[in-house]
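Chain nomenclature is as follows: A, B, C and D, assigned in order of appearance, with residue numbering initiated at 1 for each chain independently.
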Amino acid sequence: MIKAGIVGATGYAGGELVRILLAHKEVKIEWLYSKSYEGQVYSDIYKNMYTMADIKLVAGDLAKLSESVDVIFTATPQGYLASVINEEVLNNAKVIDLSADFRIKDVNTYEKWYGIKHQSPEFIKEAVYGLCEKNRGDIKGARLIANPGCYPTCSFLSIYPAAAEHIIDMSTVIIDAKSGTSGAGRGAKTANLFCEVNENMKAYGLPNHRHTPEIEEQLSYASGESVLLNFSPHLVPMNRGILVTAYATLRKKPDNTSYSEDEIRSIYEKYYKDEKFVRVLPKGVCPETRWVEGSNFTDVNILVDERTGRLIMMGALDNIVKGAAGQAVQNMNIMFGLKEEEGLEMPPVFP
Amino acid sequence: MIKAGIVGATGYAGGELVRILLAHKEVKIEWLYSKSYEGQVYSDIYKNMYTMADIKLVAGDLAKLSESVDVIFTATPQGYLASVINEEVLNNAKVIDLSADFRIKDVNTYEKWYGIKHQSPEFIKEAVYGLCEKNRGDIKGARLIANPGCYPTCSFLSIYPAAAEHIIDMSTVIIDAKSGTSGAGRGAKTANLFCEVNENMKAYGLPNHRHTPEIEEQLSYASGESVLLNFSPHLVPMNRGILVTAYATLRKKPDNTSYSEDEIRSIYEKYYKDEKFVRVLPKGVCPETRWVEGSNFTDVNILVDERTGRLIMMGALDNIVKGAAGQAVQNMNIMFGLKEEEGLEMPPVFP
Amino acid sequence: MIKAGIVGATGYAGGELVRILLAHKEVKIEWLYSKSYEGQVYSDIYKNMYTMADIKLVAGDLAKLSESVDVIFTATPQGYLASVINEEVLNNAKVIDLSADFRIKDVNTYEKWYGIKHQSPEFIKEAVYGLCEKNRGDIKGARLIANPGCYPTCSFLSIYPAAAEHIIDMSTVIIDAKSGTSGAGRGAKTANLFCEVNENMKAYGLPNHRHTPEIEEQLSYASGESVLLNFSPHLVPMNRGILVTAYATLRKKPDNTSYSEDEIRSIYEKYYKDEKFVRVLPKGVCPETRWVEGSNFTDVNILVDERTGRLIMMGALDNIVKGAAGQAVQNMNIMFGLKEEEGLEMPPVFP
Amino acid sequence: MIKAGIVGATGYAGGELVRILLAHKEVKIEWLYSKSYEGQVYSDIYKNMYTMADIKLVAGDLAKLSESVDVIFTATPQGYLASVINEEVLNNAKVIDLSADFRIKDVNTYEKWYGIKHQSPEFIKEAVYGLCEKNRGDIKGARLIANPGCYPTCSFLSIYPAAAEHIIDMSTVIIDAKSGTSGAGRGAKTANLFCEVNENMKAYGLPNHRHTPEIEEQLSYASGESVLLNFSPHLVPMNRGILVTAYATLRKKPDNTSYSEDEIRSIYEKYYKDEKFVRVLPKGVCPETRWVEGSNFTDVNILVDERTGRLIMMGALDNIVKGAAGQAVQNMNIMFGLKEEEGLEMPPVFP
């Protein structure tokens, strides 16, 4: 049994890690860490876990806690892991970080977009960006995983084949994304009260949301070009789910003819044919968040608009499963040589 | 492997049976039956099941279909099963009926409250009311299970110990229940449109909702008295969940002193101490539907109001899991000698 | 023009006062008071009011501010008005208090249920309980109005005729109430975050919610008996609306025969026939919150359950209109001799 | 008093017309027309209108009904008005059509995108596109108004100044729009059931939604160029509200320098400075649907993304007020020489 510790267990992503790992046959939760709730019983806070996780929350020195586990998940605010990570921790346990601390390779970019000083830049290079479908090979041997953001995962998987195959003009990419409210976290803010969110839609963070450079970096690797794009997130009154609608101008094929929708769909199907968690939907079917809720799936599809010459790339995932805890467990499975889908085969919950 | 067939697979309870059985290690879905969608692929309708249940829906003669399976679940409108059941079917397969056809022992009561003629009254006596926590023994040997209604399950489990131990005056029982909208089914009715249900609460079916005689009958068995009560269901703008708040006047103890809250809580804890799926919550904690969503749990608790001398009995469950598909699978597990919680250990999903 | 000041203008009830008074032909808002947002522009906080109420928020000494207005609305936490009210304020302006400070005549009861010391008990006697349909006469000449609570208004109007006409046994009254989330206020609490409230139902404050003694006191006046009852509020995932389902055992008529539903409905219709804001619904139609949303209406109806001998009394209102700001303006209209429905004739908004 | 008739009074837009006109001082509703509910009382269907609009619904020959009114609103499915309009109707009453029948000047375009044959192409030329802020002059003298669609109104008002001032490259315009569910109408379709819409987001109608040519036509007029664009609507689980996020590449200024955000904001402010119902929000404030709900406002704002050289244009409105019934009444006010905001000054309802 793999022994796991979760830091930030009382946030929504942390709670989802508990939900997934409780049903994971090869993992035992060794400790749950929460500074704010130290000493309280986990199921007093997340009462869904009553009788399932009646565990006392711990806090304290991570290096010491790392001695008792094989893997640590950090579902924590930006800056936390960078402030406590060290060789000792990494020698004791593999670390999967759900924050942004190690996602961006250029520390200046990180510090500029996040507005904080990086406390451990020396580990950035080593960290592997844990987008499983792309970096499976590197993940296998990693000590430190930068688990991708929810928006970047959905955006990347929606655009990846088109970018990698040079089907689209990367300078024209616009990503319009919509998210449920669990992505805003469990902090007690007026803006996230029920009556403020319910019956409302809004854009936020435009035009400089922090996930922008993460998406740009990954699409740059995929396309081999330096990518600048617009990323516009919106908040929608629902708990879970991210929906991405991305636009880009189609390039011509090498023979100077136009790509057809079927050709591009074939490319998407080829890219994802062995991927258990990416479903290329049937022709004409748009992704909807309800069809992936509670599961580790990302559903994607594309449409060609011949009138305007643009490709519309669409994706949907559950922001706290494939967009956070689920992908983190998928990374863990790869790192420990388990079946990649172990503990992640729960079907989507509908309605 | 147990081979299962599901009739009514495209309703919400049928869909939940598919979700649960896909993750059940001892069961294989042999066929999915839908008259309205015959010939279509299941995952074209329930797109969450894409790649997981790409099965062509069948229809036709149930007796013939029963030859290929060990168990049939009927998640169908009232009257369906009564119109097709016969010895042949029951000899071929065990039948677990999620409709009300075989729940009420007195056929006249059934016909009066449901307003339809019962087509197979000869099987009523044999049918076992599948409230697992109460009738486990009889379920084991049954061929035909009348799976309890969602409201009756929640109401019964909330009141059962108080009724059985004669703690309350059964002539004073009032059940005020609230349900999410999946209980209304998937039929295309104006009253169930998003804009009609959202931002609205209403009572419905008062004072003669069809679940009333079912609850009365079961509480009569439990208390040994003939019970008449008020049952008032309400519709609430959410997908899943039933919440019951029930009221009754406390009796005195045999020694003519009053019951304390702690004494009654002890009785509840004793009744449910071996029950995996009934959680008696800690003192003072009221059940909430979010803590059971997606799971087979029923959370219960009680409060004593010393000012008015009443007992408040509360319960929460997920209407399409413990209130329908989950309890049906729990019944199947008991009938086939499997571990009772097999396939039902998924933790509640929050948020 | 009546000059009005609003203390607590940035809460939900305060915001609703602004909405209503902006459209009121006889009123001019003179100042908006908020300690937390002093100096900010109102429409920066409530952006719906941009271009309509671009007013700088004030704070400070209420006695001084009272000099410039004819009426003050206090939509403030319990204890505030009691801590600042004095003869000077009341000589300068009429005061309509949306908090509970002056609703309960017995100061000991207030202090016990609210857990705070009352700072101005000398004004309790003078205060008039502003349930317009009941106390219109006294309201006319009052200086200080205790504007009723949202739950008490809905409960009282649902039960009043039955209580006053001795149709029901007052010792059997049980009020099961459900509310939207705006009643919980705009404070930044984790429990009121979107993801905590959405897709959830729960009871809260049982069995001793603070509105209990207020309802009991008013029903005692109405029935001429000392009333103890159960009042059970529940939280429902929607913005606005309160739904009351109340139960009581029917008494016999003086001639020892039973009341029929039609007889009781006639009594309700008689009680409310001149009331513009109480609608007795047609026979068999249950109140629903969507039909009153945004308006000052309370919809009521009753059902007789002959099987159990109980009367079911139902009511629905918008908790921040008739349950708070609307009734406050109705009180103001009465106090200033205006048409009672002035500014309150906006039709309910649906959907 | 202007006498008004409403055809399609039982749809959501029709219901909103009733709500607005009931509070309009210069209008009397003469008849409400509904084929499906003929003979029933309006407030039996829209129970919010109980005591306010207890009117029997009529149906029959429109020409005959037109004799008794000054203005007819048709809130009807596509094709209805075109099938019944004639000189007689137009001589009797002014007609404001909320359907798409007369919005598109090129009948071939209409027939291609709507898939139906236009029954009265001879009236297309005469019809005035009732976008009040743009066509006020022509509206004044019109007999027949094509009331704009909800998406087109929000899209146009968001983009109009940028298009008219040649600030953006019109070949790069992408409109990503999100709508609440009332836009889908009141028809009983499975896809619009509460449990299908709640907790879900989806794109629909891509890439050829019927509002596309309407938006293109109006932006072509505004910019003086032939415009082809992408318009992508999405469905969001809420009742009311449309949010538009539009993207386009900035042009250079005539002096070959770049536009600043402040310059473009000044242009927007200039365009809308006399418009009561278009609010250009303060710098950096993104439109949110909650701030316009229930009102006739459209809130707009823009952002410049210097990194990508794009302009982001944003707008929010209530789809059944400014997007339908409110704009229809605004058109009526203009046509009859009333104050343009008469009956439309209700503040937005929040929460």
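By definition in this document, contacts are C-beta pairs under 8 Å (C-beta built on N, C-alpha and C of every residue); 3 or more make two chains touch, one makes a residue touch a chain.
Since this is a predicted model, take the numbers as computed values, not measurements.
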In the contact graph of chains, the distance from chain B to chain D in steps is 1
Two candidates, A-D and A-B; the one with more touching C-beta pairs is A-D
Measuring centre to centre with C-alpha atoms, which chain is farthest from chain C?
-> A
Whole-Å distance, chain A centre to chain B centre, using C-alpha means?
-> 37
With chain centres taken as the means of their Cα atoms, state the distance from chain A to chain C in Å.
-> 46
Separation of mean Cα positions, chain D and chain A [Å, integer] | 38
Going by residue number, chain A touches two or more other chains at 12, 182, 195-196, 198-199, 237-240, 288, 290, 293, 351
Mind pulling up the chain C residues that touch chain D in the complex?
-> 12, 15, 18-19, 22-23, 44, 46-52, 182, 199, 239-240, 279, 281-282, 285, 288, 290-295, 299, 345-351
Going by the contact rule at the top, pick out the chain A residues touching chain C in the complex.
-> 12, 181-182, 186-190, 192-199, 237-239
Quick one: which bits of chain A touch chain D in the complex? Just the residue numbers, please.
-> 172, 174, 176, 178, 180, 195-196, 198-204, 206-207, 228-230, 232, 234, 236-241, 243, 245, 247, 286-290, 293, 303-305, 307-308, 310, 312, 314, 316, 351
